[in-house]
Each structure stands twice: as C-alpha cells, then as structure tokens.
Amino acid sequence: MRLITAVIKPHRLDDVKTALQTFGVQGLTVTEASGFGRQHGHTEVYRGAEYRVDLVPKIRLEVVVDDDDAADVMSIITKAAHTGKIGDGKVWSVPVETIIRVRTGERGPDAL
Amino acid sequence: MNAAALPTQLAAPAELSAGDTAWLLVATAMVLLMTPGLALFYGGMVRAKSVLNMIMMSFSAIAVVSLVWFAFGWSLAFGDDLGGGLIGDFGQVFLHGMKPDSLTGTVPSLVFMAFQLTFAIITVALISGAIADRTKFRGWLVFCAVWVALVYVPIAHWVWGPNGWIREELGALDFAGGLVVEINSGAAGLAVALVLGPRLGFKRDPMRPHNLPLVMLGAGLLWFGWFGFNAGSALGANGLAAQSLVNTQAAACTALLGWIMVERKRDGHATTFGAASGAVAGLVAITPSCGLVDMPGAMAIGLAAGVLCSYAVGWKHKFGYDDSLDVVGVHFVGGVVGTVLIGVFAWDAVTPAGERGLLHGGGLGLLGKQIAAVLVTAAFSFAATYVIAKVIDRTIGFRASADDEMRGLDLAVHAETAYDLGSVGAASHLSSAAKAHPGPSPARAEPADRIDADED
Amino acid sequence: MNAAALPTQLAAPAELSAGDTAWLLVATAMVLLMTPGLALFYGGMVRAKSVLNMIMMSFSAIAVVSLVWFAFGWSLAFGDDLGGGLIGDFGQVFLHGMKPDSLTGTVPSLVFMAFQLTFAIITVALISGAIADRTKFRGWLVFCAVWVALVYVPIAHWVWGPNGWIREELGALDFAGGLVVEINSGAAGLAVALVLGPRLGFKRDPMRPHNLPLVMLGAGLLWFGWFGFNAGSALGANGLAAQSLVNTQAAACTALLGWIMVERKRDGHATTFGAASGAVAGLVAITPSCGLVDMPGAMAIGLAAGVLCSYAVGWKHKFGYDDSLDVVGVHFVGGVVGTVLIGVFAWDAVTPAGERGLLHGGGLGLLGKQIAAVLVTAAFSFAATYVIAKVIDRTIGFRASADDEMRGLDLAVHAETAYDLGSVGAASHLSSAAKAHPGPSPARAEPADRIDADED
Amino acid sequence: MNAAALPTQLAAPAELSAGDTAWLLVATAMVLLMTPGLALFYGGMVRAKSVLNMIMMSFSAIAVVSLVWFAFGWSLAFGDDLGGGLIGDFGQVFLHGMKPDSLTGTVPSLVFMAFQLTFAIITVALISGAIADRTKFRGWLVFCAVWVALVYVPIAHWVWGPNGWIREELGALDFAGGLVVEINSGAAGLAVALVLGPRLGFKRDPMRPHNLPLVMLGAGLLWFGWFGFNAGSALGANGLAAQSLVNTQAAACTALLGWIMVERKRDGHATTFGAASGAVAGLVAITPSCGLVDMPGAMAIGLAAGVLCSYAVGWKHKFGYDDSLDVVGVHFVGGVVGTVLIGVFAWDAVTPAGERGLLHGGGLGLLGKQIAAVLVTAAFSFAATYVIAKVIDRTIGFRASADDEMRGLDLAVHAETAYDLGSVGAASHLSSAAKAHPGPSPARAEPADRIDADED
Amino acid sequence: MRLITAVIKPHRLDDVKTALQTFGVQGLTVTEASGFGRQHGHTEVYRGAEYRVDLVPKIRLEVVVDDDDAADVMSIITKAAHTGKIGDGKVWSVPVETIIRVRTGERGPDAL
Amino acid sequence: MRLITAVIKPHRLDDVKTALQTFGVQGLTVTEASGFGRQHGHTEVYRGAEYRVDLVPKIRLEVVVDDDDAADVMSIITKAAHTGKIGDGKVWSVPVETIIRVRTGERGPDAL
C-alpha cells in the first residue's frame, strides 16, 4: 500500500474530494496546514507596522491506497487540484507496511 | 418618532425638560451603539476572510454619514421645508444657528439632531449586509455619502420633516422608521445587490457564518439599542415611551418564537441564528408601529414578521439575487409587515395621532395610506439607489476584483487578518521598512499592484 | 425595589416625573441587556460544542418569559392580592387596563411592569447555567413557561406584590432581588441539576471554558446592567438610587478581590475567571441590600460573598451534583449572604424602610426575619422546581440523549457550529434541497431520526 | 466636567433634579462600561497567549481603584482644599458624611462621586496598554493603588477639585479630562514602559493583534461609553450635554477618517485597526474640549488628532520605547492636541466659562494657559510615575520573568488559556487534587516554583 | 524504526495516550484533523439553507517506535481507540530511516 | 527522495525556515501540532478545579528533499531548532517514492 500525501490550495479540496470519491476512494484525512514556497505570502499592516507573512494557508490531505491505485490516485489529485498558478502544491507517495481499521481490526487493503 | 406631536413642537418650543433630555441623550447613545452592534452581527455572519471588511463598512458608515449629516443632511431633512414637503432648506448647514439652548419640543435641538443622525447611520450600515464580501471599499465610502444625501434625507423629510408630504398629504404613519429606515434600507439593499451581482460561488459554495457567538452578541446589542430607537422616538420620558418599549419587547419575542417554530417544522431544527434573526425581524416590524398599537397588536405584528421573514430569507436562493445577509428578507419584508399592519392595529387609545386601524373600527382608510406610503418609499429608494450604485460602479468601481474577493477582502483591502489564534503566526516577520514610515515604498505605490498576490 | 415605598405609591399615584421615568426606561433596557450578557458569560464557559445551545437557552428565556409575563404573569405577581398576600388576581391579563398614562408611583405603570419583566427573564435564564450541555431544548422551553408562572410569580408577589406576605407579614427586606432572583434561581438550579443528573464525564473529563474573553465580555455587560438592576430598584432618579449604585460598585470590587485572594492562597494563581466570578458574586450579594446599607456595609457584604462563594463553587465536586456553571455556588450562596447580612448591616440612615440591623443597634429581630425569608424562599423554590422538572422529564423529556450530548448540542439540536475559522469548512456543500424550502424532506421528517448520526 | 459651574454648585447646592440625576446615573454606568470595553479593546490587540492578563489588568484596576477612591481618594481629590489648591482633606474618608440626600449641584453627591470614580478607573486601566505582556500581576495591583493615590488624585484636585490651582490660578480649561485622564495616562504610560523595558522580541518578532473583532467590539463599547464620559461631564441633562455629545461624535468621525486617509496614503491600505484607533484618538482629543467649542471646531480638533496620532504611533519604533498598545501615541498625543486646541477653538457661545480661543478673537492668552497646563500635568505625571514604577520594580518586582513572558502570562500567572476551540483540549485531565481544595499542595506552595515549567 | 500514524475519534485520545504510556511509549505528536469516510458527516442549517458537512473531526496521532514495538503499538492503539461504531479510524505504519532528538542530537532508538 | 518531518518548538520555526532557505530548500509545509513527551505540560485552574494539560504546542514541519540533501537538511533543522531544553523535539526521515508538482506535473527532484 501507499500513503499519498497532497498539499493543495484550500479551495480545491472540494473538487479533489469529489474526484477521489468518483474514482472509488472510500476515505481520506485532511489537516489545515501552512505552506512556504515559491508562492509568496503577503503583507499585513497594523498601526503602520508591516508584517511579512511568508506562510500561505494550504490543505494537507492523506489517503492510503492499494499499490495498484497509487499512480492513478496521484494523477487524479494532481488534476483536480490544478489551477496552473504558482502555489498549487505537491503530491507525494510513501510506502505503507500495514494498515488496520480500528473498528473491525481488518488489516491491509481490506482496511481501506 | 412622535410624528404627530413634532411639527407643533417645532413650531412652539416649550421649556426644556431635564427628564426628557436625559432620556433622549441616552437613547441617542443607545442607537449609536446599534451600528457597532450591527458590525458584529454582520461580521459574525460572513466568512472569516472578510469579517473585518464587513465591520469596517459599518464603522466607516458612522463616520461618513455623521459628517454629511452635520454638513447639510440634517438641514435638508429637518430644516424649513422648501415647498410641497419634498425637501428642507440649507438654513442649518454645519448646524448653523443651533446653540446649546435651542429647543425642539422639550429637548435641546442638538440632541434631537443627534438622535436623528443615529437613524441615518444605521440605515446606511444596514445596506452593507446585502453586498457583503465583494464591495470595493472606496466605492462604499462614496456610496455612503451620496446615498444618505440623495435617498435617506428626502425620505426622512417626507415622513418626519416639517410639512413632510407623506405625513401631511398622504397621512401615513411611521412612528420610529418603518419607511425611513427599514423599507428604505431593504429596497436599497436589493438594488445594490443587483448592481454588484452575486458573490463568487453564490449558490454553490457554502458561506456559513464563521462566528455565531459574535452574531448573538450583535443581536443582543441591537436589541438593547432598539429600545432607544423605538421608545426614544416618543421624544420624551413618558407613557408613550413606556408603551413603545413594551411593544418593542412583545414583538421581538413573538417574532423570535415564530421564526424558530417555522424552522423546527420546515428544517427540523430550531437554530440560534434563527432566534437572532427572528428577534431582529420583530424589532424591525414593530419599529413603525410601536407607539401606535397596544401590546396584543404588537404581539400579532411580531408574530407575522417572524413567520413571514423566515420564509422570505429563502427568496434569494429562489430568485438568484445575492442579498448576502438578508437585508431584503428581514428589513424590507419586516418593514412592510409592520408599516402595513399599522392600518390594521392602530388604536387611538395609544397613538397620539388619534388614528384607528381596521381592527379598532377605523375602516380601510389608514390601511390604504400605509400601503401607498410603502409603495412610494420602496419604489423611490430602489430606483434612486439603483442609479447611484450603477454610476459608482461605472466610474470609480463598486465591485472588488475577483482576485481580492477570493483572497478575502480583509487581506486584499485592509492588509489585515481577523484572527491569529495559533502559534504559526509567529513565523511572520516585522518588516523593517515599516518601522520608519518612509511613505509608500515603490512596490506599494499602487496597492492594486500587489507583488505578492495570492489567490487563496 | 424600593419595597417600602411601593405599596403606598401603588395606592396613591403621584404625578409623572420625567426624570424618574427616564431612569426607569434606561434601567429596563440595561437589565434586559443582562440576559444576552449572561448568554455570553455562560456561553464562554461551556465547551465549544455546546456554546450555541447555552446562548439559546438565555435568548429563548427572554421570549418565553416575556410572553408569559404579558399574558398573565404580571397580573398574578403585581395585580391586586387575592388574599393573604399569596398571589395576585387576573385583573390585568394581557396588560388589560394599562394605558400609557397609568402610573405606578411617579412612572408609567408600563415601564414598571417592563422593569419587573426583565427581572423575571434573567432569573429564569440564570437557572440554565446549572444544566449546561445536557438539556433537551423543548423541555427547556416548557420549563421556562411553567417555572416563571408557578415559582417566580408567587415569590415575586410574596416579596414585592401588593400585600405580599413575606414583606408585610414576615417583615423581611429584599431591595432588588436577593430572595426573588438570586436565592430563587440558585435553589431552582440545584433542583433541576439533580433531576437531570450530571453531564457525561462529570468529574472525569475536563470541561474547561472554551472562550474566556467571551466570559469577560459577559461579565462586563452584567456589571453594567446590574447598575440598572440595583439602582433602578429605587424606582426613581434620586439619592437612594445613587446610594444603591455606589454600594453595588463597592461590593463588586471587594468580592472580586476577595475571590482572587482566596485563589492565590489556595490554588497558587489568581485567575481571570475568578475575577469575573468574584465580581458577579459581589453583585449578587449586594442585590438584596444595596438600598439598605451604607458603603462600608456594602464592602463587607461583598467581601464575605467573594470569599464564601469562591469556596462554595467547589462543593459540587465534593457532593457530586453537577451544577455546571455554579449557579448554586454563586447565586444561591451569594444571595443568602446578601439577604442575611441585611439583618446585620441595615441602617435607617439609608433604608427608606427605616430598619436597623444588628450592627446599627437594631438587635436580632431583622436578622431572624431575613433568615426565615431565606429558608422559606429556598425551600419553596427547590421543592416546586424539583417537581416541575421531574414532571417535564417524565413526560416530554428534559435530558438530551447521550448521543446528542456527546456530539454537542449545537450540532445535534440546532444543526449549527459556533465557529468556522479555518479553511476546511470550505469543503462542505450547499445542499440543493435546502434552497427551495420544500418542507421537511422524508429523511428529516423526524429530526430525532438523523440518518447521519455521528457520535463524536 | 462643567468645571466653571461646579465650585459654585458645591458651595450652594440647589434642589435635586430627577432629570439631571437620571442622566448622571446612566452616564456613570456608561463610563464604568468603558473599562471592560477597554479590556477587550486591549485584549484583542495582544497575542493570544496573554489576552487574559491584559483583560485582568483592566478588571483588577476597577476593583483596586474603586476601593482606594471610596477609602480616601475621593476625599483627597474633591474634599475641602487643604490650601493652595493642591490637595483635598480627609473629611470624607469612607464617604463619611455623604448621605443619600447630600447634593452636588442638582444631583446626589453620591452619584457625582461615583461618576468621578469611573474616570479614575479608566485612567489607571489605560496605562496597562503601555506595558502589555510583561507585567508582574502583583506589581500591577500595587501600582494601581499607589498611582491613583499619588498621581491621579492630586491632578484631579488641581483641575476639578475645590480651589484646584490649575483651574483657579492658572485658568486652564479641561471639560472632561484631557489633562486629568488622557495626558496623565499617556505620560504615565511612557514612564512605566521605560521602567519595565521592551517586551522580549520587540522590534523583531511580529506581535500582531490576535483578535481584531474583539478590538472593534471594544472600540464600539468605548465610543458608546464616551458619550457618558463627555456629555455626562455637563453634570446635567441640558443643552451643554447635547453640545458635548454632538462634538464628541463629530471629532470621532473626522479622526477616524483622518487616520485611515493617512494610512491609505502612507501604507497603501486603510485598516480596520486604524479606523478603531482613529475614532479613539478623536474621542480622546475632544474630551477636554467637548463642552467648550462648537461643532466645526470639534471637527477640526478630531481631524488634527486623527492625523497626528496616526503618525505618533510610529514613534515607538523610531525611538525604541515599547509603548505596546500606543497609550502615548493615542492618549498622550490626542490629549495634548485637544487640550491645546481649546486655546484656539474655545467659543463663549458654547462654554459656560465664557472663554474665547484664538479663532474667536480671544487672543493668545487662553492658548498659553492651556500649554502651561499640559506641560505641568505631563511633567508631574511622568516624573511621579517613573519614581513609583521604579520603586515597585526594585522592591516587589514589576517585570515578569523572561520565562513567564515567553510562555505567555495567561498560563504563567493565571494558569488559564483564553481559547479552547479544538478537540485536542479533550486530552487534558481533571486533576483529582483539585476537587477537594486541600489548600496549596506542597508542589504548588511556591507558585514561582512550577515543576512543570515550559518555556514555549 | 516505524512511524505509526493513527486517525482516531477525538474522545478516544485520552485513553490511547494512557495505554501507550503504560506500554512505555515516551512521546507522541498529535494534530487536529478532519476525516472523510464511511462515517457520514452532518447537516447544518443557516437561515434555512442546508449545508452538508462531509468532514468529521478526528485526531491524528504520530508515534515513532522501535521496529520490535511496532506491532504491539499498533494493536494497543487499535484497542484503545475502539468503540465499534463506524468512523473509529485507521492505524498505519511506515518505515523510518533515521530519527534525531533535537535536544541532544541522539539518533535512532535512543532518540525516542 | 526523503520526507523529513520535524516536530519543534513554535518559536524556533522562524530560524528553522531561514536556515533551510539559506541552504536552498525551496518549500516546506507546516502544521500546528501538540506534543506529548518528557517535557511536561502544565496545570490550568478554573474555578478552583485543576486541569493537567499534558500536551504542549509544537510545530510540525515537513520537507521533501533529494536523497543527497537529506542528511544535511536533518542536521540543519536539528541545529536551528535546538535550545538545549527538554521538549526541543524530533526530526525523522522516511523514504519517498514519487513527488509531483501540481502546477506543472513535473515529477521527482524537479518537482521540489
């Protein structure tokens, strides 16, 4: 199995979720994150003092999938999260050894 | 406003009453507090990325409207009639001639003028709810000034000014602002919402309130201030003020319960947001009638408003106009309900004008006048506002750029973020440039030209 | 309330005083604001998952209690006595016969009636603190109506109504509501908490306040409103009102300091929450006595309340009743302290009743009466409330389901979430079903039957 | 304060006016509300880790200052002059001799005393803004008591007390507290900030406001309360109060717009925080002059304050003193602007003192007196405060430990966290030790000695 | 070493933490997350407009453990997080190459 | 490629970011986290009731890097995050199979 992690723009989450669901992914986990990268942050001003905020809000999404699906899932995410503008984010994959479904104790692909 | 008594009072000032003055001073402060209250009420309803802009629309309305009012708005609205009850003259520009000892009725003219100002302010601020999250700030500032001068001031004169034709010719009643404040802001809100068009993602993206406790706080402050608004309109600390206060409470309560009962039936849940909305709908509806009906009449008016408004807020989804925070559904509809029902529930045991509605044997006469006044006010407000908004949009621009709207106006327009509750915020830097205020740096010379655009 | 003066005033109305009326109009608005203030005070104390429900309990109390009061509560409490000082008659149902020019003392009867209403409202709302996070909303609405009619109204009549037996027969004093508001709500809170049982996880899970700035805001609004509550109870803008205001401030301040000093000694830290709690404890304790003692007396009463209440809030952990937000610890105990100490500190230089406490040479007489009144009020309130709560629980149900309690009542009951500060919220959908309001969809016909139950 | 009228009034009390009393009762409550308002205004500005401490500084100031005032502060400030207009006597310690029926002018002396108390409270609370996030709580409590006694009380006596030398000898005017409240708190704030030194990370770390809606709420409450502050200082419900109210509004509005216009030009963005700051700057500046100038004069004073203060808040970055929340930039500078400009805009058509400023043909005389009064007040306040702060720092300590400052004072000092909005908070435990309050456990005997120190 | 990641119901965190501590785990890292899966979200209503919220609050927990402990730790978490109701979550493991303790620079199992 | 995950003290984030940037890292992703470990939490008191809060605020930082840079990046983070006091946190690395840049579809080291 593979753990696919994607860092994307917040407003793409809905489309990414729908695309994955359509493909047949049954579950995923989402966290709020902040990204630092080529996409610059912004300036804030408080009583004349300027603040550079380097970090841009991002959504971090994790989905564990069967080895066979990994490539497909990565490209589905890439497509659904794409806007073409700087800051669209990254998708990476990491090997997973075991996964257990807490409710049933099922292991491996059955736990997905 | 104790409309029947006023013209006479203006003509023949009595002696100052410290009691009446005390009440009107406080009522003025209470109504002024309604606008910051509204800022929070509205601010809690929008998404976290534009709450500051929403608040800023109310606060800037306070400033702009006050200055216009002091400069000439008051004079045009409440100065001597130029003829036909259409508009006042310029005799009191910059409060010319208003000394501390000038009286209006039993109170200093200055406090009556300030009390009226607070009505103008909140009327303008109310409109901002219809155009949340997508308005150019500069456009809004200009709109505030122009709209109060060209729309609010005439209507205020027609209804409450010396010889105002809606009161004197048409004979319609509006105790505390159903026509002037509620229907006016509601119709104007619709017009501006149509000119600006819907928010990006309207009907598709969820745009749920980001902070409901803030909404409830705003509702609490509005409720408090509304006692000043309605009971203050008696222009004295007397039985009429007491009756208005009681009616205000009665209508707010039946409307609150009416709204959440509809919700419970229709949606399966009585919501907090619905309770706040219902209370406000009832307060809106009782505004024109609070000094003209008895308590059971107020209960009926509130209940009607609560039920009807709870349905009316759904119209925008059906018809597709993006009245973001329901200025039409609550203020227009509530205002119409309250103003029209005066024709049904007015009772001469209460109203100083001595009028009776249908229910108390007054026939259909008053009802007809009330409906006519509603139509005239709504039509004028809608049409004039539409033109004003269109002109602003074509000239200096009234709609924020799509980019700014996506990022959120707080960052794009005000360079601020509402909340910084986490520890990641620590990872920003104090930019050294700022410390010395060297004037706009080249990169910031044209704010629209942000080098660090970020469309999330 | 200026209890001594009132009956006479009711009997022989004087002329209207605009100054007194102005003060009572404002005081009424201020006390009304206390209930939204309480909603935030309580709302900030609960967990984020049920803050809206907490707020909703206060707002719905405003609505329900007002309607009951207007309908018949006022008449039963302050209408002509039916005999024995036990209850009023139905002569003024729906405010029958109360015209704008009816007077009570020097103010319109309508404003006196509204002022009294605001006391009834907050008394009911206070009780909700004892049963936070686990109450069925429908049960609460019914409780509000029944309780105000069967418990509040009689006690108000006994203490303040025409011929009220606690005042007239027993001779106990209660200037602004130690018996009627504080002890009454505290005893009732204990009863309801016992009937409902503790929150899931009580004494095991931490249930710390989710938003202390909101608590402090609520405390600020309560403090402000309390000036209207206490000084307004002088029923006029006079020296007695001024004395009450000064005493109110003195007691709040010593109590605040007393509470945090205890904390510092006992727990090692003076907390913000303790400061707010202390101030409220002082305000509670001075409520019955504010117009009956001098400033040093008020200081002593406040200090006693601050110290005692700061210990009393620990009782619930010891004895195991879940008085969630410390209605017993603060309102019952503070109310008892203040009511009993009238018997010690009452001074005829201040009190219009001309009574003297132990300290000013009045002997033990007054003290005994005060203690008797406390016992009677507490016993009646506790017993009657226990029965009412039990009946509601057995019939329509008073305790929320364990599932709803776990998920949080905001979602389960009101289908709302208090805060949406992050960007993940963007990932919900506007469900198309809702846009047209087609009436309850089959799946939602029975709200209790949620298909999408989620027990987190 | 209606300073010209007062001494006479003190000498020859008239009859009680219920209207004037009603107004002053309300104004007192309104000004008291300003301090919780300030707590939120300041609280929103600091980082989330010390918001409760910030709020606590204001709430504790209410308690400590009230007790000092009741005990002897009032007597020293407004009691009979000991000679030379320097200080009052001890004749009214613990309000000795002040009965409900004692009058000052047309109002009960008790309410005048309470009204003055609210001024003392907020003056002290204002200072806390200069030393946010780094003050030892015990040091602050002591400072409140000592400072109000040694700095506030004398200045209040000089300006408003019987025979006060700044009013009587120097002949300078201060209607509602430019010298006593604004310049005084501003100069004191600078002194304390210098003694305590800058926050860790000042000029390096960003320390942006953690909750701007809270700031705006605070601004709204301050604005509301300020009507009580300024118009209440007319000490009656009359034309002068109305004029003060109007001027207050006019100055707040021009200042708000002035501030954000500067921002737009200089920084490229008009900020919400700037709008709030501007409004407050205008309110500050009109405080000394509100009852002495006409409305156009008020507009000019407000505009000057808005523009100047928006620059002045940058000084701290330039000169390196850490006046954290800009007490100097807003209150000192705004206070100077308003006090000095009385010398320009004072107009005898308004002021009961019958004085004229430069613009109305009064020559340079008044201007000179105003400048002299500013210099004297600022110098005394700065010097005395510096000494007091230094002594506190050397003895019991005034600056929090670096560790506590890093962790945030909320946790370190108050053992509290402001917000718990997430679900991780569920993972704490109710510690059993606490349930029984066994007194300080050995581990907590010395709170400074935390075993669980955590420097993040 | 292994990185064990668990996505669990928030109210189970306390028990999971205790169970791990008892087993001898010295540290772990927790983040707030939202989960999408078989467990449906809920409906919210604002002024009559309904919102489907698919995402359910979850706690995401990471703990790096020695290879030998991995299986035990996974089953401890599974047991402690178990409620038997839908939405109980997942536990998965991923191989870790190195781990450093920042304070001391220790590496590998010593750094845990 | 390697995914380096670091759990550090919040106030060290700025220095870590700067150090990584100086080294040439182009991007990273940050999440708010809470840590449980040798560093104890604190006690909070509400109306006399004491709460033990075990969890300490931490920053969780992820950066995907080329295999060659992994060791350097880990030691840079370790150095920049170091205060020497308990609770400084951990840095660990996990193998990454692929990474895609959403904007361009680039894969592998080019996507960084």
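Things to note:
Going in written order, the chains are labelled A, B, C, D, E and F, and every chain counts its residues from 1.
Simple rule for what comes next: a contact is a pair of C-beta atoms (placed from the backbone, for glycine too) under 8 Å apart; a residue touches a chain by one contact, two chains touch by 3 or more.
Protein names from UniProt, one per chain: A, E, F = Nitrogen regulatory protein P-II; B, C, D = Ammonium transporter.
Since this is a predicted model, take the numbers as computed values, not measurements.
The equivalent interface to D-F, defined as the listed pair sharing over half of its contact pairs by residue number with it, is A-B out of A-B, A-C or B-F.
Centroid to centroid, with C-alpha atoms defining each point, subunit D (Ammonium transporter) and subunit E lie 50 Å apart.
Subunit B (Ammonium transporter) and subunit D (Ammonium transporter) have CA centres that are 32 Å apart. Each chain gets one centre point, the mean of its Cα atoms, and the points for subunit C (Ammonium transporter) and subunit E are 44 Å apart.
For subunit D (Ammonium transporter), the set of residues that touch two or more other chains comprises 17-20, 22-23, 26, 30, 206, 208-209, 211, 217, 221, 237, 266-269, 271, 273, 314, 317, 415-417, 419, 421-430, 434-435, 437, 444, 456. Along subunit E, residues 10-11, 17, 30-32, 34, 44-46, 48-51, 54-55, 57, 83, 85, 87, 94-95 each make contact with two or more other chains. Taken together, the touching pairs cover every possible pairing of the chains. Residues 9-11, 34, 39-46, 48-57, 83, 85, 87 of subunit F are the ones that touch subunit D (Ammonium transporter) when the two sit in their complex.
On the subunit B (Ammonium transporter) side of its complex with subunit F, the touching residues are 422-424, 426-427, 429. Across the interface of their complex, subunit A is touched by residues 406, 411, 415-417, 424-425, 427-431, 433-435, 437, 444, 450-452, 454-456 of subunit B (Ammonium transporter). Here subunit A touches subunit C (Ammonium transporter) in the complex through residues 10-11, 13-14, 17, 30, 32, 57, 59, going by the rule given at the top. On the subunit D (Ammonium transporter) side of its complex with subunit B (Ammonium transporter), the touching residues are 17-20, 22-23, 26, 30, 47-48, 203-206, 208-213, 216-217, 219-221, 223-224, 227-228, 231, 236-243, 245-246, 249-250, 252-254, 256-257, 260, 265-273, 275-276, 279, 294-296, 299, 311, 314, 317-318, 349-350, 419, 421, 456.
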